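In what comes next, subunit A is part of two complexes: it sits with subunit B in the first one and with subunit C in the second one.
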Partner chain A sequence: MKFARTIGAALAAVVLAAAPAWADMTDHDGPGEPPKPFEDLKPSERPAPSSDEAGLWMLADRAEQQIKTSGAVVRDPAINAYVRGVVCKLAGPYCGDIRVYVVRHADYNASMMPNGVMTVWTGLFLRTTNEAQLAAVLGHEIGHYVRRHAVQRQRDLIDKAGANMIVGSMLGAAGIPAGPLVTLALIGSVYSYSRDNEREADEVGARLMAGAGYDVREAAALWTNIVAERKDDDEEKSKSVFFATHPEPEERQAKLEALAKELNPAEPVRHEPEFRAVFALHLLGYLRDELNLRHYVKFGNLLDRIENENPAPGEIKFMRGEMYRLRAKEGDDKKALESYTAAEGLHGAPHELLRSLGVVQSHLGDKAAARESYGKYLELEPDAEDREVIRVMIKQDE
Partner chain B sequence: MKRFLILATVALALGGCANGFSLVAGERAKIGTAMSVAPEGAWNRQILGNNEIWTLDGPALQTLRFVAGAADGEPLMPRPSATFNEPQKDAPKFHDNMTPPEVAELLVATFTQFGANNTETKGLKPAKFGVDEGFRFEIAFTARSGLECQGFAVGRIKDKKLYMAIYTAPKLFFYERDRGRVDRMIETLRFEA
Partner chain C sequence: MIRFAAALKRAAPVIALAFLVAGCATQGPFATAEKLDRRAADLKIVLMPPDITLSELTVGGVQEVNAEWTASAKTYAQQALQSFLQQRNTQLVAYKEPENAGAGHMHEQLIKLHEAVGGSILLHQYFQPLQLPTKKDKFSWTLGDEVQALGRDEGADYALFVHITDSYSSPGRVAAQILGAFIGVGIPGGVQVGYASLVDLRTGEVIWFNRLARASGDLRKPDAARATIDVLMSKFPS
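Moving on to the complex of A and B:
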């Protein structure tokens, strides 16, 4: 009941605060009809069976069936319980209506389908530094659901794009491969809510955060992280599903800072250790996914940020070495060598560091050092799958 | 949207099975200028620069790709046409000082660039490339179509060029059905004198 009051109050406040946006949200009844505002979904509410909204839910149900069986969905119980827990803290009575799927995917995105299917990419967990920041994203998505933004946006697209395309674009935004014809542009057209919708979702999210006791300033801080990551990266904007579907972060950052001043609870929480405890184990894997995209500028910025705030020097220094080694520009082998050397022996640096170190030592012509590194790697990982190849490499470096 | 659909249709026609494939059967087929293989059965073959794509039932159901000599600074394979309207980025490139683990990484990055998800390799080990010494590893990924695929790759770096045979197919049915045949064909790979 407390939750019901909290979320009710949060939504009522948004309606009052965002009156112009609310007034703009009209049904698609055609010209001449007076605009009808959408009502919020109520907890456990389903659209009337004969409505076009029910049709859209059916398409989303189809997409959900594919997501459920996808190998990309993360099954780790700790991660699922944690993310679901944050969703429920925020969503209160809507908790049971929202199904969260964590999808193993580099880069950051979260999406919400009209039927309450929320997808979160694992890359997001590299960008959020505490639970409050994660809550900012999840709260925003809950806002889209409760406000029925997808219905407003997508009902007219069924005619234009066809049902299969809609399902495909839902899957695309979820990070589940859905065939070559689902393009970034289509995902963008289905998921680009109006700016008013996005502002409203941000505001609902901020109010839900405050209601659950989170520090709303962290919502703005998340955007500082995102902006920092895009620094000097000209390619990024055109590539990301996220930026095809969301407005500029700078604008949102300013708005959220203002909201934080207004809304922040007396004793706001960030829950940083709790967040770390769940995701620290997965840091290397998620960074490896990110590096596989080979967006080196963005990856370097990401490492800089994490290194500044996260006590995981072994992992970060190792991955910086990996970045230089794979980029393989003039002088990069030397930089990789420095990074590996700095990482060696630090907590969190994996044994494969020695294999990578051997590779760059070999590239740099220091065959004796390479042999030694490979040898140490085999000592520490005697059952490594690639042990036979490493033995051949040792011989070749003799 | 209409324009998009027209473009999509054109892309399908261009990338479809009917275009660019010719039948290959018989005792030996030359691949590029430096390599040959003995086909087992009748395959469809498409030549794309220094790459050849061989398939029995269509590239979505099984692909045996030959990389017939990627030189220093060259990508492993050309970008597939289906990614035509996505932002272009340079594919990761081969360097002639690469070790086998780096070649496996290169293949993962290449597949990722071209839209595969959760690409992973395992089991890297020394193996024959035809009669020559080379390396081999297994690969698994989710294709752009959503199909879970798996396969294996064999490779050899010779005269500073990378030669590979990469077999991939959906986990369901096709991978198992054709892997024996592909293995036997890989035994017949020869570098031309």
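Moving on to the complex of A and C:
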């Protein structure tokens, strides 16, 4: 076993040494010359049709065709105008090159295709607390576009896979079955390249934020929110590909704080009321999407964080009740009942609260109270789609 | 999950090729009719935007998509399809995007639906272990009668859908293949996979379907493209 491990370590060293050597061979123009710096994409530039980059753009153009007609794309004009506006403040001359698609999707993510198609998941709007934080994410994505990370990554992968193949074949010919080991080294190496891209995008994003007058410290603050949400959630940490391809949040946070010291404008802005005005009406819907993922630890952390900042406390207390009702562990019906009771009458509590309240009252044996809650729900929502179901539930509780 | 399913559908031709090589696939083409319904005086088939992708297979096996090859392959494939059908007394017209945005949106949904149905046919019709109990002895797939609107907008009786993914070894890959042969390591080259299907725009039924899966062929040259189209269109109803 020990022998095998030593051989393994030696092979890994060979492969890891081989990958950069191969990359060096292809990146240089001639012997002894330093590698060319990778140039930014220019405003309204399209890659030459014969280039490898044009192939990536072609695939992205097709993907955009599909995204355009997707039912998941948010059509709300106010949201679209707002997000697009922030992109343009940041992107300046690149504004016209970037198309933003807001996608109704739980969880936080945004992505950039090589051709300027940016997608932003609605779950992100639960994590950003002001416009500057949103700008941090959008600026990061613009960084991927301007720095042409897609083609950089493809070239890196091709180089490394080539080295992987050559080393693998040579070892194979020598009778050493190194397949999985070589592949593992390849994946690790590709991921590390991807993390370098992320660091660069963070930096470009911070510069764009500063240029548009935003408070760059908010980029670091966003990561505080993300870290708080992952607290006690071990499952999430080990499973997510996101954290393999991206640097650790703590590292990004520290780097962004340092950048803020260096770059922040004299009177940095956060635009919190503007941000709230656009998304206030939609938060309940986004929270429902989030709860549908059934990541109760994360969801609880998320509610804890936004409870104090949310101007509609009835929404948060109602959703906390929903979390307990759906988790349905021992004692959760009681906790749900407490949350619903606390939410009742508060700003933002929806009518469905009465239906949920009825369900937990019925579970807890208080049939009369359950019938009353269902009845009130039907009074307030006489045309509710589930009215017939509720009538049956009232009968069952008689 | 949805993304995985979509990726699986997209990878279906490649999977189909793997099964073909492994020997547990059934053979096409499938057809519900040998002849086209020629009641219309000038029968027209609309060629939906062909989904063709050409890429170079690099030394390490990464497929690098080539936009220039793809653009010319689309032209050659369309020309080859046109002359193939002309010889069979059938007119092929290229798809035109409607000016009305609502109609365009609907067409796009039908193209997506066809991609899903085509992927399902490849998985369930060609690969026996996944055969559906209800479709054991018959070929019966439909996009539904909403396709009638597509027929009206395009002035066509049938719609032809074509998907082809084609890859070619890079010079480095070829060198590696030769080297590999010397040291006894088999390194596969490029493959040509895809499918075509004909949909009746009155009923929505898929009336003919054929799969392409071979390790030869070249869509970068007009003559070779014609040869590929001849293979792809085999047993096409006339």
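The criterion applied here is as follows: the second predicted complex is superposed on the first by the 317 of 398 C-alpha atoms of A that agree within 3 Å, B and C clash if a C-alpha of one lies under 4 Å from a C-alpha of the other, contacts with A are read in each partner's own complex, and residues count from 1 in each chain.
The rule is short, and it goes like this: a residue touches a chain if its C-beta (ideal position, glycine included) is under 8 Å from a C-beta of that chain, and two chains touch if they have at least 3 such contacts.
Bear in mind that the values here come from a model prediction, so they are computed numbers and not experimental data.
Judged by the touch definition given at the top, the superposed model places A:V389 against subunit B, while subunit C stays out of reach. When the shared chain is aligned, no partner comes close enough to touch A:D76: not subunit B, not subunit C. In the superposition on chain A, A:E272 makes contact with neither subunit B nor subunit C.
Looking at the shared chain after the overlay, A:E381 reaches neither subunit B nor subunit C.
Of the two partner chains placed by the overlay, neither subunit B nor subunit C lies in contact with A:D196. By the touch criterion defined above, A:Q66 reaches both subunit B and subunit C.
Number of subunit A residues touched is higher for B, counting subunit B against subunit C. By the touch criterion defined above, A:D52 lies against subunit C but remains apart from subunit B after alignment on the C-alpha atoms of chain A. Residues 66, 160-161 of subunit A contact both subunit B in one complex and subunit C in the other. Subunit A meets subunit B in the complex at residues 66, 70-72, 104-105, 160-161, 171, 175-181, 183-186, 189, 235, 238-239, 292-295, 326, 328, 355, 359, 362-363, 385-386, 388-389, 392-393.
By the touch criterion given at the top, residues 49-52, 54-59, 62, 65-66, 68-69, 154, 157-158, 160-166, 169, 172-173 of subunit A touch subunit C in their complex.
Residue ranges on subunit B touching subunit A, taken from their complex, read 1, 4, 8, 12, 82-83, 85-87, 89, 92, 95, 97, 99-102, 105, 108-109, 112-113, 115-119, 122-126, 135, 142-146, 148.
Residues of subunit C touching subunit A in their complex: 51, 53, 55, 58-62, 64-68, 70-71, 105, 108-109, 112, 172, 176, 179-180, 183-185, 187.
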